[in-house]
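Can you keep this structure in mind? I'll have questions shortly.
As written, the chains take the letters A, B, C and D, and residue 1 is the first residue of each chain.
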Amino acid sequence: MEPTDAETACFEAGIKFGTLYHQFAGTPVSPESADSLARAMEEAILNQPHCEDVTVDIRKADLAAAIDHGYTELTGKFMDVEMRIAYEGVTVRTRMAMEDGYPMMRVVDVE
Amino acid sequence: MEPTDAETACFEAGIKFGTLYHQFAGTPVSPESADSLARAMEEAILNQPHCEDVTVDIRKADLAAAIDHGYTELTGKFMDVEMRIAYEGVTVRTRMAMEDGYPMMRVVDVE
Amino acid sequence: MEPTDAETACFEAGIKFGTLYHQFAGTPVSPESADSLARAMEEAILNQPHCEDVTVDIRKADLAAAIDHGYTELTGKFMDVEMRIAYEGVTVRTRMAMEDGYPMMRVVDVE
Amino acid sequence: MEPTDAETACFEAGIKFGTLYHQFAGTPVSPESADSLARAMEEAILNQPHCEDVTVDIRKADLAAAIDHGYTELTGKFMDVEMRIAYEGVTVRTRMAMEDGYPMMRVVDVE
């Protein structure tokens, strides 16, 4: 069957998460550069269609704890992400956070 | 509301597309290296959860037409992608192909 | 032979250019998000060893001219980059700019 | 001063290392997909100017030891890379390998 609007909205939400993660994973990052990277990630993803809101938080304390050569590389374990996608009247809220050592991306709510 | 299994399946499908595109976009590519890149893309994405099948076709004729310095960078305009995602009994078929100059990712079928 | 300090400095400069280009190529970008992306690129690369100064300019007029679906993907044709690398008393100045349709990375000066 | 041919050769070598690392870091990888990824990395970088030979070895035993959710993401700690760059009669041999927990890129030989 053709997807419903809600299913398409969830597909669009997934695209944004895959984009955000794999475009920026591996970026050299330190507590000093975390904020500019988080802002760039938010603004980059907001360019994509149907993306209403993106919040990226890069946890500086976790970065600091992981760094022993001046910087590290961005991975999911250092960031919390929330996104709101709107498509044809459907709003999808999604979140990425660590669960059991894995950066889990989830649909929180569809309305 | 919590997402349905079909909505979660579509979210998972979107993640794979965003991953595939933004992990590999920008890779130096030529007609000679197109096949190894396509295979690596397929096998990389198959590692992700719920991904049952991935087919990546990098169009060598279009690469050849675009190249005037020995190689170019991979973008959506050179590739066709199909994926099948399965989640809790729901199967989602998705496709990326050029539409009106834009690499459009679509859910083809949810069952 | 073992590399000289100047040769190592040039090697380090090249690493930074390859990093900057291939970490960020493909990022969704528009005139509105160009500045935050440029700042994040600069601060990310400054984390790397021996990197003294980085300037990234993303040309908004060229972005605007290329965009017909709200945004485009970052490639070398939209940016000018300058970097200064210092290694064991050697300073290397490098630049990336378009030459004949190709984003050419060059060592400008070794002293 | 303008760079010598040897310095330019080292700069070119550095570009290839930065490219290889930051294009492919973050790719989903498992022991099963390691070979196709290593081949794609080699062939991608061989497209770049002045690159004569690239060998990428992704260490499957280390991948297997690190995996507890079916796959992991490629980082420098899983790979050994060797490259040979030739520019205007100068040949540069380079290597990336782990040193003290950091994926160190080095010029091994300039001749």
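Note that contacts are C-beta pairs under 8 Å (C-beta built on N, C-alpha and C of every residue); 3 or more make two chains touch, one makes a residue touch a chain.
Since this is a predicted model, take the numbers as computed values, not measurements.
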Pair with more cross-chain C-beta pairs in contact, given B-C and C-D: C-D
Same vs different contact residues, subunit A with subunit B, by half of numbers used: same
Centre distance in Å when subunit B and subunit D are each reduced to the mean of their C-alpha atoms: 25
Centre-of-Cα separation between subunit D and subunit C, whole angstrom: 19
Between subunit B and subunit C, centroid-to-centroid distance (C-alpha), Å: 28
Set of subunit A residues in contact with two or more other chains: 19, 21-23, 26
List of subunit D residues in touch with subunit A within their complex: 21-22, 25-26, 68-69, 73, 75, 101-102
Subunit B contact footprint on subunit A (complex, rising order): 1-4, 6-8, 10-23, 92, 94, 105, 107, 109-111
Subunit B-facing residues of subunit D, complex: 19, 23-24, 26-30, 32-33, 36-37, 39-49, 70-71
